[in-house]
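In what follows, chain A forms one complex with chain B and a second complex with chain C.
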Partner chain A sequence: MKIDGKDVEFKEGQTVLEVATDAGIYIPTLCVHKDLPNFGACRLCLVKIEGMRGFPPACTTPAKDDMVVTTEDDELRSIRRNVVELLLSEHPNACIVCDDKKLCEQYRACPMKAGQITGCQLCPNKEICDLREVVEYLGIDKVDFEFEYRDVEVERCDPFFDRDYNLCILCGRCVRVCKDIRGMGVIAFTKRGHETRINTSFGKTHLEIGCRFCGACVDVCPTGALSARGTKWHGKLDSEVQTVCGLCNINCGIVAGVKWGKLVETTPDHDSYTNGQLCVLGRFCISGMVNHPLRIRYPQVRKDDWLIPVDWEEALGAVVEGLKKYEPREMAFIISQDVSNEAAFMMLQLAAKVGVEKIALAPSSGDQKAYDGGNAFGVSGLCQAAGYTPDELMTPEDVARMAGRGKIKAVYTTQDVVNIDDAEFLVIQDVYNSHSLKSAAAVLPVQSFMESEASVTSFDGVTREMKHASEPYARSRPDWEITRDILKAFEGQDYASLGDVRAAADAELAKVAKPDAQGTTSELNWFPKHIRELGDPPSKYRGMDLTVLIDDLRVLKEGRK
Partner chain B sequence: MTDEPVCQDTSQAFRIVKMKAAAPNIYEMVIEAPIIARKVEPGQFVILIPDETGERVPFTISDWDTDNGTITIFFQETGVSTMKMACMKEGDVLVSVVGPLGKPAEIEKYGTVFLGGGCYGIGGIFPIARALKEAGNKVIISIEARSKYLLYNLENLGSVADELIMSTSDGSTEHKGKIHNIIQMLLDRGEKIDRAHFMGCNFMLMISSEATRPQKIPTRVALNALMVDGTGMCGCCRCTVEGKTKYACVDGPEFDGHQVDWDELFARGAHYLGDESIAYQFYGQRSCKMDMDD
Partner chain C sequence: MSDFESLRQKARSKYEELRTGQKPVIYLGAASCGKAAGIASIGGKIKEILGELGIESKLVEVGCVGMCCYEPMIYIQKDGKAPICYGNLTTKVVPELIKDFLVDGDPRTDLALGAFDGPQTEGVPRLFDHPMLKPQVRVVLRNCGVIDPTDIDHYLANDGYVALQKVLAMTPEEVIEEVKSAGMRGRGGAGFSTGMKWEFCAKASGSPKYMICNADEGDPGAFMNRSLLEGDPHAVLEGLVIAAYAIGASKGYVYARAEYPLAIKHLNIALGQMREINLIGENILGSDFSLEVIVKEGAGAFVCGEETALMASIMGERGMPRPRPPFPATHGLWGKPTTINNVETLGTVATIIREGKDWFSHFGTEKSKGTKTFSLVGKVQRTGLIEVTLGTTLQEIIYEIGGGILDGKKAKAIQTGGPSGGCIPASQFDLNVDYESLTQAGTIMGSGGLIVMDEETCIVDIAHYFLTFTKEESCGKCTPCRIGTHRMLDILHKIKTGKAEMKDLEKLHEIAWTVKNGSLCGLGQTVPNPIYTTMKYFEDEYHEHVEDRKCRALVCKDLIRYHIDAERCIGCGICAGKCPVDAISGEKKQTHVIEESLCIKCGICFHSCPPKARAVEKIDAEVGQDG
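Right, the complex of A and B next:
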């Protein structure tokens, strides 16, 4: 077929729009999204096709042999301008037509954090707005139609995201992603004609109607109508890092948005094996977790009953000195299933060097599921490679019980453990301040999975890399590095770099059989089956209940009951 | 000023008696604060704390009622604190309201006075306009917004203005443009302006002040500086006017618009953008009562 005089080839089943896009020809559109079935709602991709009457939309017209398509001429440009101006007659457009636009954008580079958006300068979506892009492409700087503000109330009654339907252009992307990709159908077009709105059945809240708050609708919205309440006001990002989520063992691909050295948002990674979809935790909770004031800031050592912030050298010195006072049989190590392969490997190396045989995995679970820990398969695989059968591994509860009976005196744990107060010498290497800190002899602050490089082995047996995205919180260090320094003090093998540790850990993992993920991997076109549902099981990260950290998550969980 | 010290009203709760959306994103809040209502003069402000985990935020007093012991503020939602305030309802109580703070506006008979208001300033400029009118001036008020539906407080302003001119970026009112375009229009028609007052965002103050500079019209602007205590102690609201360091809270908020170091003001205002943005991640986490280690 021919597009704009250019001979192009196409595959059976492609639309005119897809063929043009593949050939590098831009046709503006607002309702098309690559993950979604085509819909033909916005009427922007209208083209001329020889032998066809009127202006067929490129997105819903199948390509045929010998078609001759014109994508751009004065007439089409005028139609498109009209379409966009009609959209702008209901979508706040003052910033687009303002005479002071240039100066204003120079002085007010960051959006204004408004509750109700009445211009681009107040809009969190400004930097990524599809509508603005089309406006700029068409060079629109005035709107001939009179503007009519819908003046509907901004919906802020639900956790996690705000909905300002004054900005909605009714492209239907949110409706389609919810129904066709996530299989939920929480929202739909309601009413007709001029009154058409996106809404839930009977106008109930999303919480009442059973929305899972995965945020897929927020991610596809071409305007600022849907926005993540906690993570929208950063403006232009400094960097975006492709990494994986560490909150469950599916390890979905996420893009970490970084600004001011801090994690300001997490969005789904479309290039990852999870096809650009996330659950509520990955989409809305990670930034708040990583920046949370409950993070441990400094290494601390107990002196005269008080935990005193000290430097790393002193803290690690106290840990080594303390551990050396005990017999190996009086010691237990608790390895969190949320730590990386490198961290777990180093813990096991240290255990072997010191002679500790009591190893517990946390959280404990006989029946292993993908959700148990951010790296459940990696950590348990490494334990297996180190010679521990599942029966030999203890649970944190066993350790607490034995500590209560005086059988275990020293505990080195990488997460919060309940009722561990009876241990004489407790070393906590953790991310958050928890109740166990009350009885800790030494506290070692660790970087979260957003701050340090590491690898995890997902439920399908594939090892995936976590990247360094945001700057480390206060004085925290990576897990593997802390344990490496302790191991060094015990005159164990010295690992110079993360690469050395990773190579050794990978070699260990290669010894064990890959997890049997046949049943699950075969369904890997899998949405929404394997994106976990909240509350199944409790959402925790290294023993810390995430509903304590993220208030909206508590609201969601309580609303679910 | 009387001898009575400026004090925090501790005699009763700062109850919200009226809460209303004046325009999209702009709210009118009437607060019970009898002592402040008795003492306030045009151009002064209060610092209030919305809730027990809230921060101190300054707001221009936009009207008051001595008989009922109330003050009115208009505020724009533009951060976590104002988001909390926007969610409050009539009958709710603010944790604290301190004021009146700052120097009152200079009110004399000047002749023709031009007042320009944008965003919260459309509400905040009213007491100054009223006092200037009462002092015998010809008062021309111009207000600006992106579009017609964002203008408010028209009745109040109309009652004290000899002329009220509405300008909008999108041309949905008679005049397309901003306040600086209106000043030019007035000058073009031969109006002699003896003094100008501006209240609104810093960007609007800067652009408007530039418009009165060529004619050397004495120009007063109510600066928006980040502020903590409001009594000259913390130095957070530092700004440079006529090459000298000033505190917007005790030396202002009004300054000579032609002498302000705008670049510094914008730079200082942007200093906490990161923290302001990240604060949204923790909004509503008031249930989080665990001890923190610092």
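Right, the complex of A and C next:
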């Protein structure tokens, strides 16, 4: 077929728009999104096709042999211009068409939590606005209509994201992603004519209607109408890092947004195997978790019944000295299923060196779902490789019980464990301040999965890398490094770098059979299907209840009940 | 088939007995229009009188014969003679009429509109010679108002389902060919060849196939489909079964608006009767053909008349159109090949088969064959549901059938095709009503609404009215239709209130162009038609509004004022008493005066001034200021 005089090839089933995009020909559009079924609503991609009446939309017209398409001429420009002007007559446009736009861009005003968004400078979506892109492409510098602010109330009644339908252009992306990709159909077009709005049935809150707050709608919104509440005011990001989520063993691809060295938001990674989809935890909770004041700031050692902040050397010295006082049979290690392959590997190495045979996995696998534990398959796989059959592994409850009977005296744990207070010597290597700290002899602050490089093995048997995205919190260090230093003190093998540890851990994992993937990743729709089956996503990280950390998550859980 | 023939024989004799029996029969025009006009109280009164007089008489409810301006109507049949039609009845006149006719044998020729075909009564003219009916050709409406729509025997006695019997002996290809060569075009508005539409679907691969009857009539002032479904549902259903046979469908839907409860009731009764005698269901009339039909009620969105929106609605989704291709013929209901035909199209199909393509195609013009029903409303003497051959002029429709303009005023324009159509000025009333001529004049045939306007109609106001309707009925999906209609309405409002400038007219034209060319579905693409045609034919009136701030029809409130003619005012004080803002003052028997700063121009004084005085007048606001 021919587009703008250029001969182009196409595959059966492609639309004119897809063919044009592949051939490097830009056709503006607002309602098209690559993950979504086409809709034909915005009327910007109209083209001319010889032999077809009027102006068919490129996004829904299938490409055919010998088609002759014109994507740009005076009439088409005029339609597009008028359509965008019509949109702008109802979408705050002061900044979009302002003469001083360039100057103002450099000025980069501090975004304020304004009640009303009257221009781009106050819009949370400013940096990634599809509408602005189209306006710039069409060179629109004035709008012939008087601006009409819809003046509908901004909806802030639900957790996690705000909805300002004064900015909505009704492209229907949110409706389609909710229904066609996530299989939920929480929102739909309501009312008719000029009063058409996106809404839930009967205008109920998202919470009431059963929304899972996956945030997919927020991610596809081309304007600032839908915005993540916790992260909308940080402005332009300093950097973005592609990594994976460590909250469950699906390990979705996420993009970590970093500003001032801090993690400020997490968005889905479209290049990942999870196709740009996340759940409420991955989308909205990680930055709040990582920056939470309940994080452990310093290494601490108990002196005279008080936990005193000390430097790392002293803390590790106290741990090694303490552990050396006990027989190996009096010791137990508790490995969190949320830690990386490297961390788990090092724990097992240390156990082997010291001669500890009591290894527990936390949480115990009995009361969890398949995807619980950010690295459940990796950690259990490494245990298996180290020679522990599932029956030989203990549970944290076993450890607590045995400590109560005095059979176990020293415990080295990488997550919060209930009722562990009876252990004489308790070493806690954790991310958050938890109640077991009150009986801990030493506390070792750990970096979260957003701060240190590591690898995890997902439920499908594929090992995925976690990247260093934000600066470590206070004095925290990576799990593997801490254990490595302890192992060194026990005169075990010295691993110089993370790479060495990873290579060794990978070799261990290669010994065990790959876990049986419960969904084939090649099927595009496996992800939403599983998320639906999961019901409420797992909400603990290293034993810490996330609803304690994230208020909105608590609201969501309580709302569900 | 012999079973069916004996059924028909039974039906015939039953119908014959009703029509020629010695017992008097009173037919009540009980379609929605008759009900609205009060046929229920008339019927109650009749029963009461019959009881009092001790007369044994049958009461039969029939549909609408189309003479809406004469509702409520009844027809009385006595001594086996043709029923005589009486219109504009009141509960006062009815007892008199019944007594005079049924007891004293006086057919009250003074009240009679005419008698149906059959043995005539002396002194009563034939109903079909009535000036409103004489120019009409009744093909689709042949049974409307004549038979009892809830009794399948009435339909069977009038050649009902003869066409279906004929069709079942033909191949689907032969049926399609017959309809195609008859020149039948879709009566829903676009005028696409019905035979070709069926052919596309018949040839499409996929099963099951679906046949849909579009009964989502939504144009303001249009009621052709409703009357047909209420008055003769079997005619439409017979067409539906024939069409389903032709395309190979196994399931049929009638998508009717929930606002048509009587039509839905009659459809469901008819379907029940059909099921009983195997006109739908498994192996229809012993053939290999099976079809199930259900009535699906729509919630009253105008856009659901658009075929893709209609299908979405049937599938339980929001009624929003989607772009075509793919067309319903290949990807319709649940992705399967589907044909959607208008009520009137299907109502015509059986006649084409029964009477033959040649009989059908001798009606109409070269490219527009057959007859078409219209709802004639507005400022004409006789409003109602009419059927004429295609190619009839507007002149004939308005002046002969409609009897001319009300109150001897001058005609100004006629709107065809409802809100998607356009206004044709009085100077072009010699225009033939057929698909091509109307398109050329900038409007459309549409489903058949005809709204006549007189000189007291403001053309800007009319454009504003139709646009208000389409703005509210836009589904909201595509940008040009959703926002464009709103912005156009803004400009029309500016024009109506005397705040517009000439450049606004240009802008109006430009948005209209964008909406027409940029919109997704037929609704949006035709929204600007009323604006285009009114701007084209009544450009001077737009200019007057903008440049002179004048509304010549004295309709646009902001451009007029109310004034009391001192010489004619009789000082009755009615206007002052009714004025909601106390803007009128004056002593009893003295001339009254309107205080303009208080007046809100509601017009109550104008309408309440006694006819003998007519002292309150509407005048041009600016002339008033100057004077």
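One rule holds in what follows: the second predicted complex is superposed on the first by the 535 of 561 C-alpha atoms of A that agree within 3 Å, B and C clash if a C-alpha of one lies under 4 Å from a C-alpha of the other, contacts with A are read in each partner's own complex, and residues count from 1 in each chain.
The criterion applied here is as follows: contacts are C-beta pairs under 8 Å (C-beta built on N, C-alpha and C of every residue); 3 or more make two chains touch, one makes a residue touch a chain.
The shown structure was predicted, so the numbers you read here are calculated from the model rather than taken from an experiment.
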Task = Put chain B and chain C onto chain A via the superposition and say whether they clash or fit.
result = fit
Key: Partner chain(s) touched by A:Thr196 [first = chain B, second = chain C, both, neither]   = second
Remark   = Reported in degrees to the nearest 10, the CA-centre angle with chain A in the middle and chain B, chain C at the ends is 80
Contacts of A:Thr231 with chain B and chain C, given as first, second, both or neither = first
Ask   = So, A:Ala41: does it touch chain B (first), chain C (second), both, or neither?
value = second
Inquiry  = Which partner chains sit in contact with A:Asp100 here, chain B, chain C, both or neither? Use first/second/both/neither.
reply    = first
Message = Just to be sure I read the superposition right, which of the two partners does A:Leu86 touch: chain B = first, chain C = second, or both, or neither?
response = second
Request  = Identify the partner contact of A:Gly54: answer first if only chain B is touched, second if only chain C is, both if each is, neither if none is.
outcome  = second
Inquiry  = Once chain A of both complexes is superposed, is A:Ala23 in touch with chain B (first), chain C (second), both, or neither?
reply    = neither
Ask   = How far apart, in Å, are the nearest Cα atoms of chain B and chain C after the overlay?
value = 15
Query = Which positions of chain A sit in both the chain B and the chain C interface?
reply = 146
Query = So in the complex, which bits of chain C are touching chain A?
reply = 301, 303, 318, 320, 322-323, 325-326, 471-480, 482-487, 490, 507, 510-511, 514, 517-520, 525
Remark   = In the complex, the residues of chain A that touch chain C are 39-43, 46, 54-57, 60-62, 75, 78-79, 82-83, 86-87, 89-90, 144-146, 169-170, 172, 188-189, 191-196
Query = Within the complex, which stretch of chain B touches chain A?
reply = 24-25, 76-79, 82-83, 86-87, 146-147, 149-150, 168-172, 176-178, 181, 203, 206-207, 266, 270, 273-274, 276-278, 280-288, 290-294
Remark   = Contacts from chain A onto chain B in the complex sit at residues 92-95, 97-100, 103-104, 107-108, 110, 112-119, 122, 143, 146-147, 149, 151, 156, 166, 229-235, 259-260, 262, 264, 287-288, 291-294, 296-298, 300, 307, 309, 433, 548-552, 554-555
